[in-house]
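You will see subunit A twice below: alongside subunit B first, and alongside subunit C after that.
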Partner chain A sequence: MIEGMFSLDQAAREKALLPELVALTGHHREHSTEYRRLLDALDHPAGRGYAAVADLPWLPVRMFKHHTLRSIAEDEVFKVLTSSGTTGDVSRIYLDKEAAGTQQRMLSATIRTVTGPRRIPMLLVDTRALFKNRASFSARGAGVLGMMNFGRDHAFALDEQERPDPAAVKEFLARHGDRPFLIFGFTYMVWLYLYELARTESLDLSNGILVHSGGWKRLADQAVDNAEFRRRLATDTGLVRSHNFYGMVEQIGTVYLEGPSGGSLYCPDFADVIVRDPQTWAEAPIGTPGVVEVVSTLPRSYPGHVLLTEDLGVVYGIDDGDWPGKRFAILGRLPRAEARGCSDTFTGAAR
Partner chain B sequence: MSVNDRLRRVFVETLELGEDVHVEELKYRDLEAWDSLGHMSLVAAIEDEFGVQLDTEQVIDMSSFKVAVDMLRGLGVSD
Partner chain C sequence: MQRHVHGGGPMSLALRFPAGADTDTLRLLADLAGEPTGGALVVGDERIAEFLVAFGRRLLAPALARRWPELGSLGFFLRRGEIAKAVASVAEQPGALRFPQGLIFHVPPANVDTIFVYSWALAALAGNRNMVRISARSAGAAEAVLDALNATLADAHPAVRDTQRMVTYGRDDAVTTALSAACDLRVVWGGDDSVQRLRTYPLRPAARDLTFPDRSSYSVLSAAAWRDAPAAARRAVAEGLYNDVYWFDQAACASPRGLFWVGPAEVVDPAQDELIAEIAAVVATRAPAVDASMAVQKQVSAYGLAAEGDATRVRFVGNAVAAIELARPEAVPQHWLGTGTFAYARIDRLTDLVPLLERRDQTITHYGFDRAALVEFARALGGRGVDRFVPVGQALAFAPVWDGYDLLREFTRLVTVTMT
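Coming up: the complex of A and B.
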């Protein structure tokens, strides 16, 4: 397997990322007034030195909901991405042409690690109805569409009313099931629709390569976690290549991918994660849960290169898994009040 | 028919372009029809018409009619 995007051990990664991220901090300071104000208020003046990636100033992801954070001129904006927040607030992420291309290319390079270089037939555990309103796709629609580039001969496992479509799935498998094919969907939809269908109809998914995202919360009442998900898919459908991924619109193009043996996420070479103690903000020891910070060298059109998420995670180990670097897991969302607290502290400091 | 002519027909038919559109000058997202969804249809139609398989990188890079022509020539398609 080509592991081009998952090759750097932790020391090499830190060494490669630090100067790039420091330069990006300078770039965004120069091109975004709002970002500059935030840095100044946080006592991160221009020209300050940084000895480690963990020392760089982070922005809480929530900032993208209330501030216009972009490092490009208004007339260079090519795409504005929005996330659907649970409270109705949306993040706005600004991309110019170059950034839009870069994020797709790097996402593609990352996903190719598990799918191979060719576009292969693709089964989407979703519905075509996502694209009915052409002028405005939901975040889900945009996510599905972005992934469709990696496949060909697309088929949808759900009909327009979002009901499982056994005929469509069977037809797809009859045509493509004897060679590797790609399956993409949100985790709970894969479980509720595709797994159930494959199990009851005894469908063979053994040539499938599943790439899925989304948390386990919606499956908690079914007592399904990642290990159970993998075990049952393998036993009941033959599907053994399953890769969960973690990513967010505020760091579009960067995805943290589950390794072949399952249970841990890994960072592509241009990214890293830092888990922080929410009381002291110091880096949490291996095995201790904390707030997840994500860093990536991709965001150049908006200051999203160092972000504090509202997710709880844990680093399981470093340079000791399927791929080099940190291996980690996302444990869930921070309690709402605590998440707001992270952001308030920050906003307070920035006033 | 030349590569240009065949490709022009694919663009016009797939994106349902009007006669007033200068197809050979067209760039991705110039028109509503060539959005990311239109792009997907276009890639499939080009692969059918020319009997080629584009890889993901090429799908992402195909940002204009001109780029598509060069790409096809690069894949060995000739007039």
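Coming up: the complex of A and C.
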């Protein structure tokens, strides 16, 4: 089986990524005033050498919410991606035409690792209503729209009121269920809507290839974790090919995909993760949880090639899983730091 | 940890002090309207003073003061001598009698656990009946304070129970409306937004607000004094600065947000490096709780200043200390950057700060200047900004004069008797 974008072992990956990332650091230093000032203040002068990817300076991902960080001229901006944050702040990610093309191409190469080279019928665990109101086009809508490229003959598992649509799902399965088909949705929606529907209606999803994203937090009250999710889908619907993925708008085009045997995420060949000890910020040993840094050679139009996320994760092993490289998991989010302070009396009451 | 303590139905309040069953606004106001045991309270009422001193003693108990150092400061504030001094400051003058305002409604900040006690204690000492809204999100030291208050009540004069209430209520406009309409003075602490929101609830025509909105505070250090200081004195400055910064997560109004070194660059540069080293040494022994979230918060803030060109150098000493060299004094941050952020700039003389400071600025903590220099600085500011100059280490020491108000005077009223 061709593993597509998941082929480099850790040594080869480090060797391939380091010079590219160092070059990107120089590129962004040259083209983003903000980034250059930051590197200068952090004592990372131009031309400084780096012995390892882990030595490169990172950017906290929240920076994209408060600052204009781009390495292209204003008139080259082709697309501005935004993501809504927990506090209403929005990340703004600037792409030129080339970057927009690259991210879509690399995302598709990554996803095709599990869907195969051809477009196959696709069931979306979402609603068509997402695209109705272009003005309020959400991150969720953008995510779904981006994924739709990987399939054909799309069907939506939810109606426009976001209720399960058994007729649409059954019709899709009647037409395409005997050959491989793609299912995409956010994890909790797959669980709450598609799984429930398939179980109660005894639908056969055994030819399905599920690609889903989103954490388990929203399912925690139902005591569902990844292992239980996979087990129940396999037992009750026959769906055994299920791939969770991890990604963020600030590193658009780069997705970390769950391997076939489940439970671990892997990095595509143009990316890596570094889990850092939140006290020393050194790389945490295998098995020790820490804060996740994501690196990718894709971001060229904005300085997002080395990002410190606010996610907690753990590396389970290196070169010892379904695919080569680091085998890791996301464990949750770092809580947001809160100020005590006098400036918060009454607003708190009305929250 | 967050606690959500509030009563069930509309207009319902959880009674935190004196601890008791849920009540409602009508009952609360009726209870406070009655004549207290032993007669109406007077300014400096001995029944209240007695209670405050006993309560302060409890806060100074070693176990409590160790766990919550800020409660220790509160305990000192409530010693017999301090209270006597405060009462003496509002002693009656011939022909001018002083009386309590009446009923005071306090809305203290949710997040500074103890500030409500200062404002309430002075208001009670002034002889007022008080209603204090305790945030449902209060935790930690605030809970310890309430426990100590309730424990002290057992041996206290019943007049304390008759006149003082601390309550928690949720999102209930009706309660705020009722308490605002009933009070003679409303004391609002906290952010500009909170103050503005509270102002939408009408007071009676003769009642008024005493507001403590958002403030910023800074530190000024004489580089020459630092250069000439012996090691022990330098350590004392670092410890003072440590307390000012790390208590209340550097988020209190009086917590310094920026440091201004006064002196020529060749004296300031080594002094700044030495100060950060001293602070790092203090941090190593005190081990402040700076978690990963706070470390990321500081990175985001510091990196942000650098990206915008406001900072020229950013250094971290572990997670506890972020040292930020500002590009110019005007770049000093007015907003919270995360606990343990030392943003510094150099100036030639104190008065260079005059054009930078404004009404919003509250406390200047100082090291290495004589009184004459500070008075000259204060005169140059002319009251347009900065209400208080205190030595490094005393930023958070509450004083009966706060934000330019003499609180006991605010909490009382004068009745004049003129004969001829």
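For this structure, a couple of remarks:
In this section, the second predicted complex is superposed on the first by the 335 of 351 C-alpha atoms of A that agree within 3 Å, B and C clash if a C-alpha of one lies under 4 Å from a C-alpha of the other, contacts with A are read in each partner's own complex, and residues count from 1 in each chain.
The definition used in the following text is that a contact is a pair of C-beta atoms (placed from the backbone, for glycine too) under 8 Å apart; a residue touches a chain by one contact, two chains touch by 3 or more.
Just so it is clear, the model here is predicted, and its values are computed rather than measured.
Looking at the shared chain after the overlay, A:150 reaches subunit B, while subunit C stays out of its contact range. Shared-chain residue A:317: touches no atom of subunit B or subunit C. After overlaying the two complexes on the shared chain, residue contacts for A:104 are found with subunit B alone; subunit C is out of touch.
In the superposition on chain A, A:285 makes contact with neither subunit B nor subunit C. Applying the stated contact rule after C-alpha superposition, one finds that A:308 touches subunit C and leaves subunit B untouched.
Put simply, more of the residues of subunit A are touched by C, taking subunit B and subunit C as the two choices.
Once the two complexes are laid over each other on the shared chain, residue contacts for A:19 go to neither subunit B nor subunit C.
In the superposed model, A:60 makes contact with subunit C only, not with subunit B. Once the two complexes are overlaid on chain A, none of the subunit A residues touched by subunit B in the first is touched by subunit C in the second. Note for the complex: subunit A touches subunit B at residues 78, 101, 104-105, 108, 112, 117-119, 131, 134-135, 145-146, 148-150, 152, 154. Those residues of subunit C that touch subunit A in the complex are listed here as 107-113, 115, 135-137, 169-171, 188-195, 197-198, 212, 214-215, 248-253, 255, 291-297, 299-300, 303-304, 306-309, 311-314, 318-319, 325, 336, 338-339. Considering their complex, residues 33-35, 37-38, 40-43, 59-60, 62-63, 66-67, 69, 278-279, 291, 308, 310, 334-351 of subunit A touch subunit C.
Contact residues of subunit B toward subunit A in the complex are 29, 32, 35-37, 40, 44, 47, 53-57, 59-61, 63.
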